[in-house]
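Dropping a structure here in structure tokens format, bear with me for questions.
So that you can tell them apart, the chains are marked A, B, C and D in the order they are listed, and the count of residues begins at 1 in each.
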Amino acid sequence: MQPITTEIVSRTIIKRPADSHKGNYGRIMLIGGNQNFGGAIIMAATAATYSGAGLVTVATDPSNFTSLHARLPEAMVIDYHQTDTLLNLLAGMDVIVIGPGLGTDTGADQLLTAVLAAAHAPQRLVIDGSALTLLAQQARPLPDTDIVVTPHQMEWQRLSGIAIKEQTPTANHDAQQRLGVTAVVKAHRTTVYTDERVWFNPGGTPAMATGGMGDTLAGMIGGFVSQFHDFTDAVLSAVYLHSAIADDLAATRYVVLPHQISTRIPTYMHRFSQIERP
Amino acid sequence: MQPITTEIVSRTIIKRPADSHKGNYGRIMLIGGNQNFGGAIIMAATAATYSGAGLVTVATDPSNFTSLHARLPEAMVIDYHQTDTLLNLLAGMDVIVIGPGLGTDTGADQLLTAVLAAAHAPQRLVIDGSALTLLAQQARPLPDTDIVVTPHQMEWQRLSGIAIKEQTPTANHDAQQRLGVTAVVKAHRTTVYTDERVWFNPGGTPAMATGGMGDTLAGMIGGFVSQFHDFTDAVLSAVYLHSAIADDLAATRYVVLPHQISTRIPTYMHRFSQIERP
Amino acid sequence: MQPITTEIVSRTIIKRPADSHKGNYGRIMLIGGNQNFGGAIIMAATAATYSGAGLVTVATDPSNFTSLHARLPEAMVIDYHQTDTLLNLLAGMDVIVIGPGLGTDTGADQLLTAVLAAAHAPQRLVIDGSALTLLAQQARPLPDTDIVVTPHQMEWQRLSGIAIKEQTPTANHDAQQRLGVTAVVKAHRTTVYTDERVWFNPGGTPAMATGGMGDTLAGMIGGFVSQFHDFTDAVLSAVYLHSAIADDLAATRYVVLPHQISTRIPTYMHRFSQIERP
Amino acid sequence: MQPITTEIVSRTIIKRPADSHKGNYGRIMLIGGNQNFGGAIIMAATAATYSGAGLVTVATDPSNFTSLHARLPEAMVIDYHQTDTLLNLLAGMDVIVIGPGLGTDTGADQLLTAVLAAAHAPQRLVIDGSALTLLAQQARPLPDTDIVVTPHQMEWQRLSGIAIKEQTPTANHDAQQRLGVTAVVKAHRTTVYTDERVWFNPGGTPAMATGGMGDTLAGMIGGFVSQFHDFTDAVLSAVYLHSAIADDLAATRYVVLPHQISTRIPTYMHRFSQIERP
């Protein structure tokens, strides 16, 4: 196991070229948020936007449009029941985040199947939350492209078949190799499994033990892979920064709320972008 | 009568163990908020979330979903008219807060009855606001578990039968013994009655004399009993901190608004968590 | 003409007695906000709440409930089309503010008539915005109680029959005597007319020349007359403080937005409450 | 090409005369925001309001009313499907901004046609976003009054027929002369074309490369031309300030969000208003 280092983060978050526009930073669609879990997709979209994704579209239950816009007018919305429209838009996306607050009913299941069937390289996928539960219930072919899954330990148990107690780095890595996707296993010390290596995140605080933290991480990863070329480095950098911000906030707070992390992403990214590389 | 002391608060709000997750800090359901009093359940849920409850679900009228999410995406929502779904979810909860903005119509009355019938040890209950009025109108069996009621003086009069003028500590304690629940009687100097003792809260300011303060306290108590083991100490600590924050805010404000207290809870909790215990 | 002085404000905003509760600071209902002008009643209610009214109820079009609660969970709401419910609640109110964003259609007209017929001493009335236009179109008997009207110059022209150019203090005072209500005539230098005197407000800035300022003043006056005994002093203090806050904000801002004033009211009130009186 | 200078901005943003009211700073209607792009019109209206427009009305899909008011109670709203009401109100406007989030369906197309047919001197027009795409698809007569279009490079290609690679200042100026309207062509270095001259904006940062920046600029231009007499100077000043604020924010942020610019407009305007002119 290797730690995620500040060197990785600073080589990833580089100064933006002056002559660039929003198209250069990616079009991202976040899919999730049913009538009960709308907050999850709001938090994920907020994280993606503050992470610097160029254009953010949220496909969700229409009951979430107003609360989303009240918090984040920067995002566009579509009703995720309109599958044709969604798939049409999906074709133009660089990144797809599916799962936060999606739920596990039949509609969610069918939507996941449709999205996985439509997605294709070089689109990048972040699969989180309910989508992982659905995948665990019924496997389906994944597109041959960059994919990251972001389970917490229980979701990873469902997905990998490894009981929480037996989730050692070696067992997890074996499972990741079988699945063929990058895996971020969220825990006290989050570990990240790629085809080549096992990483651990040095940061993290129990002040983050509150609902919505995972949705925020999924959105951050989405925002990072939408603008940074190296997929693994982008995922690792998002994981690192998510907890680094929380650690700083926890120096004066017993509990850190997800939105407090998101609003601070641009400042932290700026700091890393200023580090001179040799 | 004994004062609630900082010693109680600091022995309650201890440093979180590094290896913990949101499940360790409790699942809480807050039930209330009809079509007229939706703000009450928003304020209660906000307080519970900032107090560090692990997972917050709000059962309310669907007309409140959007405003709740616009302020607090961290909470999940369910329509409290869907009694079966509500009771199913309720079974998995560690803490139930019922009452803020619930109203007193027939539907509210039936919901209270159903929730009280379904709740059971070791679930903990906070009964507040309209739910106390309903209980005063018609008593019903309470589950044999940790329960705290949070009436203001008029609600306490209805519930205990003791006129406001005659609400002496002794009379109140007698009534508490009859009721068999912890009682937080909110007043200029709030008093707390447990089976063993009578406590008074040293803090409080007339700058708190505004709508929603009680809802915020109920949510804080819910958040505290969801994560701290000793029920009485958790209740006392929430009562103490609620007014301690308000007192500090009132040093420069003629009026303190409920949400201003909630957003400061994590910082205050952090301070108490840093106090070394002998 | 006499200036409104800081002496008046500091004798009005006195320290709150320790042993007081929200009932001591008044129940206020704000009536207004149709489907097009919902923001007006939101801004008025915000000002009333931050001014320290004990309990705030907003009677408005139901399309405004969610946006109101998203900004101000402290307020309760009722649908102003439910006239019977509204009038029932009205009977328990200490203060009524009618007009911000009410509009001038038939429904608004009938509601104004119903409210004016139902209101009675010692309830206090603030009549603003659309309600003044409706009154100018068709006079109707006013209840025999403390009433203040808050027209801008054009509304005052409609109400008093005095053309803007001819709105001299003397002419305005004559009109006020005929109307029999306190009049706050909003202008570059706002003047206030009572049965005894003519006052002018020394503050004010063109940075306030933006929509919603009047709604905010109406809410502030409502909040002040709900808690301070002397009606004239309460009105004068609200007028003074509204522009005093704006003047301070304008020291660094070209434009001052209404909500920026409201959130600062508690701090300014606190300062005046600390001034020792001889 | 000439740079937009601070001299232009400081001669434009002059101290407001003390004896002025909201009517002096313009009535502005912003038209846009369909069911998918509601955030765009929220951001544009926010910018217009913070820029100091006297009275702001938003004509949009009713699904956007609540999120708009939750963020900006200062704005009034009308349903843009009610064409007669819209055109009636339009007649009283000083400035019309059309396009942010309008979409390009038949309804949007017809609305654009109706608005362009109804607008007339001395009303000023800002045409942005979807409205430019519609104009490119089908030309229609423009009213003989002050008009500014605000395309990004792709929209300018559609509108002018000049491919992005060939968008030289000379080619752009030729196209502007044909179109007969002021053109703000948004790019890494934004250029502005008037009948007389070609300007370039010295500021701008890749931190602005995120959705909603253009909507915010359109709203700012609307707010500036609603209160400042010289049309070209008002447009140039808005362009300059929009990126000057972003540049300052980008000194510590990797990404700048549109609403972060809007809330800072009043402070920046104040600074320029304080510069003594010789």
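The rule we apply is simple: a residue touches a chain if its C-beta (ideal position, glycine included) is under 8 Å from a C-beta of that chain, and two chains touch if they have at least 3 such contacts.
Note that the structure is a prediction, hence the values are computed from the model and not measured.
Visitor: Taking only the C-alpha atoms, how many degrees of rotation bring chain A onto chain D, rounded to the nearest 5?
Guide: 90
Visitor: Between copies chain A and chain B, are the contact residues mostly the same numbers or mostly different, with half as the line?
Guide: Under half of the interface numbering overlaps between copies: different.
Visitor: Hey, how far is the Cα centre of chain B from the one of chain C, in Å?
Guide: Computed from C-alpha means, the inter-chain centre distance equals 34 Å.
Visitor: So, what's the distance in Å between the C-alpha centres of chain C and chain A?
Guide: So the centre of chain A lies 48 Å away from the centre of chain C.
Visitor: At least two partner chains per residue is the criterion; list those residues in chain A.
Guide: Answer for chain A, listing residues that touch two or more other chains: 66-67, 70.
Visitor: Can you name the residues of chain A that touch chain B in the complex?
Guide: 35-40, 42-43, 46, 63-64, 66-67, 70-71, 152-153, 187-188, 205-207, 209-213, 250, 252-259
Visitor: In the complex formed with chain C, which residues of chain D make contact?
Guide: So the residues of chain D in touch with chain C come to 13, 16-22, 24-25, 49-56, 65-70, 72-78, 265-267, 269-270, 273.
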